[in-house]
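Same chain, two partners: chain A is paired with chain B first, then with chain C.
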Partner chain A sequence: MMGSIRLPLHDPLAVIGLGIYLFFIFMAVFAPYIATHDPNEILFTSEFALAADLTPGTEGYILGTTTLGRDIFSQIVWGARSALLIGLTAAFMVALIGSIVGIVAGYFGGWVDTVLMRLADVAFGIPFLPFVIVLAAFLEPSIWNVVIAMALVLWRDTGRVIRSQTLTLRNRVYVEAARVSGSSDLKIILRHIAPNVLPLSFLYGSIAIGWAILTEASISFLGFGDPDSISWGYMLQDAFASQALSKGSYYWFVPPGFLIILIVSAGFFISRGYEQILFPKLDR
Partner chain B sequence: MKAITVIGARLLQTAFVLLAVITILFFMFRLMPGSPLAAYIDPNFTPEQQAALMARFGLDQPLWRQYLIYLGNLMQGDLGESFFYRQPVAERVLALLPNTLILTFTSLIVAYVFGVLAGAYLAWKRGSVVEQVGVPLVLTTRAMPEFWLGMLLLAVFSFGMGWFPAGGTRPPGAEYDTLWALYTSADFWWHMTLPVLTLAIYSQGLPLLLMRSNMMDVMREDFVTMARIKGLSTFSVVIRHAARNALLPVMTSFAIAVGYQIQGNVVVETVFSWPGLGRELVRAVSTADYPLAQGAFLMIAVVVILMNLVADLLYAALDPRVTRE
Partner chain C sequence: MRDTQDPPLIKLEAAELHFPVGGILAQLQGRSTVVKAVDGVTFELHRGESVGLLGESGCGKTSTGRMLVRLDKATGGRVEFDGEDISALSGDALKRFRSRVQLIFQNPFEALNPRFTIRDVLAEPLENARIPKAEHEDRILRAMALVKLGDATQFMDRYPHQLSGGQLQRIVMARALILEPEFVVADEPVSMLDVSVRAGVLNVFRDVRAKTGITAIYISHDLALVRYVCERTIVMYLGRIVEDGPTEDIVANPLHPYTQALVAAVPVPHPDQSHEPLPIGRGAPDPRNPPSGCTFRDRCPRAFDRCAVEAPGPTRIQNRIVHCHLHAPET
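Here is the complex of A and B:
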């Protein structure tokens, strides 16, 4: 099972997902070179009027401009940075905390297990999006609020799954053998338990990336996002508040949503690839 | 273990979670930046009103006393006074709850009817092109930001075609004598069509994928093979034998889905100006109406916790192994 921390290249959908990720990573890394304008710059037409609500292609604006005269294409490109940054850090936190909680609860059992699993019950009782909203309102507006909220609440799913996996590992012969031969708990966990639950952490991590991006989009859309960073959620809020729907400015609000779908479903496709590695039963 | 013991344990656990969430809510609003008084007192209240609220919530007392008073008030259904509406939070929140519940249940019923049928169909068509296109397509709907889907439907069907209203629950100026008259009016359902569609498209993925994988499990069971050997038609095997057995776990997930949906309603209610708990929470938080924000949050949390309980109990009822342990 240790060998399963490999990329799921056997599954065509997962390969498509990985390809989409490479595309977005490229876009995020080279954003300054790909973007045609500063995403925050207020632009003017050749006649020195505000370049407001220009349709795609006008005056060289690939996807047109917003009501405030900003270039939509450049905002899209820069948005990939926030999406990847939030998605990857939040997923890392969720997978890390969930794995630690799950391993500790499953390995030590007893009152440690009871306490941690009751905490998980409580986390399941917290409505996630409302929680992020309240947290974002009380903290300074920042893209990290979503990451903090996810780290505080969403470890629950990963934690439970990793715990039950650890429970089955704990009684395996080689773990017993290590224990009898005097290995410390820490050594057993690091050498025998952790490597075997790592693929599961990866699986839940790849799902969490999508959750984080969707959550950030919702929070920005509701107006609790970071006003200084350009994200796809922020673009959608801007479009919604600027009456883009009644003006029929599809070129403004369709692309950000489309890219969110693309990157989130890429995460789902990759996670399905991992599932088939982990649970070959499904692969039929 | 007896069934009664299982139910008792679950109820106890639910009470514990509820108390814990209430406690978290209390401290979250007390530890926020600014004066601890801000959670209950609007600077615009008159000195008399402020003094009355100070006494009612014991705001001049130490934190642990405040917590006990808060719990006591909560038991009596006292959630404080809304800054904006100048009316008890409990009244306001209870008035909005039906709107949210009707929206949630209607959309989930639509989603489950569609999801169960389509899931069974995809399991039946296993390995075909329909399945190879269908499954990624369903995963894609799960990846959509719900509010974006709502925006798209609004732009096309409301602003573009003019088929549906852009928001709210009734045409401007329309009055109804009772709430019942509103909920049963054609206008109400007309206004609810797009929000329901939005939520249903997003939610059908869960029952669909569950139904599909359950069906595939059930189809390999002996009694299905038996039915085939007896010479029953594929249709009859799928509907009479496999689908019935695959359906139960999907039904259990309905309760969980209600809990998830009610959290996600926050954005969709905002897009469609639907006067429900989620939109109220957003408005209360952005206008710093803290008592109302706490009340709306608590109400949503109560629904989530109750639905988790219902799912647990259903699961125990349907899977005898849980009670027999």
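Here is the complex of A and C:
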């Protein structure tokens, strides 16, 4: 178990991934100091005209402004906060619930397995986006709706995959050896099963980060999002609605898109590094 | 068969291990059957005895071993260890049982978690038995010395894939012996090893027995190996015992036709020795659908009418028990 909590510092790609995460965490924590403007403030030029669609660099707007006269750079910086908040909590919930369900179902089998997997079937039958919308209708519009919805529905994929992995692990000879030497079920799960499924949990967790950020964007686009928070997804939708592409305002939608790609890839790089810690035999 | 006054350490009474085969569809169609991996096995083992469990693949010898260490629960009959029915054990009683009975696995390449160092592998049983951490190092070194792993400190922090098969099998044995169990089941411990290192591992097994007086069952399909390490042999065929007695007597004068074939199959290292074809047909029958009566009758060169009707019961002949109508009293 201890081995898998170590950071994967031996794999160059994983170090890059960790670096990207550190960069975003720094950006999120110090957002008020890094951002040059209030991301929601409608700005005006020195001639008191609306600072709409300014190109990068003009009048000190590092990445230009939106059609409504908001500073893009400041939105990007603040967007890191909600992206990390939604992405990481959703990924954590999905990986945690999915792993627990998968391991319990796979290890104990029998009726426990049947009950949990039929629940997963039900979760597979729920259309995700409409579910988030219904949830938003019942609760206040908030970025947490996305997290709750993902925790309630998206554990199904992780759970299924972790279960099948657990099934192959459960009958390994060394698991039987552990049982013969007197290890309890809990100990076998923690020491022999969990470390072997953790890279899969991390993998699905990192996929969930991307999903969460994209879902939040879709929800914002449909008008069920949190009106008070700025996210990269919100920025993309804002740019889309303002026809930024036809205006050629690449400085508006390329940066948030690029950052979403960056944060999702960073997750993959790190999970790749974990794979090497967990399977020393691979020795690439 | 030793006649001792002490109660036996191990006692099997008509022990059965049946596995259902076929899924829901087969059950609905009434085609579902059971494979009788172990089908009514009875024997006793006294402290200090070393017994070979001999038979071809699929005869239920490994299943019997798994039942004895409670990796599988007997589906019928009784399996007793030191007077207790082990199928009923749970909680602390099961934990105590686990520290007294151990299994040496067949394949050392799979029996060790690849992510554990040798130290972790050997510490696991100690942790489970709540041995204080301060004693671990000492116990580990002693166990490694017992299996003759020379410079133990050199191996401690290596991973299993960095060791050779012979070294791994010694680690597997050290792990089984580290809690000083009273009874150990060795499931073909050398079948996965190169011939060149087999003798070393077998000698370790013999030395450990001599030193600790441990009660042991040695599972194998190789009569020569069993003869090397065990004074008594139990021969199994399709989940049942066919013959049980002192190894040397069985080798010198096998009573059951199946045992006779096994003894005849042992190659003799002499160039002039003619190689007679085996008296039995090749290939065991489908275990889902064994022959009626004596399960060996379809391959037996001496089968007669009674064999198809009635399964042979145990017949005691001097110090041996044989299950065969040829030796049964007329009834």
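Observations on the model:
Operating definition for what follows: the second predicted complex is superposed on the first by the 182 of 284 C-alpha atoms of A that agree within 3 Å, B and C clash if a C-alpha of one lies under 4 Å from a C-alpha of the other, contacts with A are read in each partner's own complex, and residues count from 1 in each chain.
Going forward, a residue touches a chain if its C-beta (ideal position, glycine included) is under 8 Å from a C-beta of that chain, and two chains touch if they have at least 3 such contacts.
Please read all numbers here as calculations on a predicted model, not as lab measurements.
When both complexes are overlaid on chain A, the residue A:Pro195 reaches chain C alone and has no touch with chain B.
Legend: residue contacts after superposition of the two complexes on their common chain; A:Leu22 is shown touching neither chain B nor chain C. Contacts of A:Tyr250 after superposition on the shared chain: chain B is touched, whereas chain C is not.
Touch criterion met: A:Leu222 reaches chain B, while chain C stays clear of it. Touched residues of chain A were counted for both chain B and chain C, and B has more of them.
Residue contacts after overlaying the shared chain place A:Ala178 against chain C, while chain B stays out of touching range. By the touch rule above, chain A contacts chain C in their complex via residues 3, 172-174, 176-184, 187, 191-192, 195-196, 278-281.
Residues of chain C touching chain A in their complex: 69, 71, 95, 98-99, 102-103, 105, 107, 110-115, 124-125, 128-129, 159, 161, 172, 175, 179. Residues 13, 118, 121-122, 124-131, 133-135, 137-138, 210, 214, 217-218, 221-224, 233, 236, 239-240, 244-246, 248, 250, 253-254, 256-257, 260-262, 264-265, 267-269, 272, 282, 284 of chain A are the ones touching chain B in the complex. Remark: chain B residues 13, 16-18, 20-21, 24, 28, 32-33, 136, 139-140, 142-149, 151-152, 154-155, 158-160, 166, 213, 216, 262-264, 266-267, 270-271, 278, 281-282, 285-286, 293, 296-297, 300-301, 304-305, 308 touch chain A in the complex.
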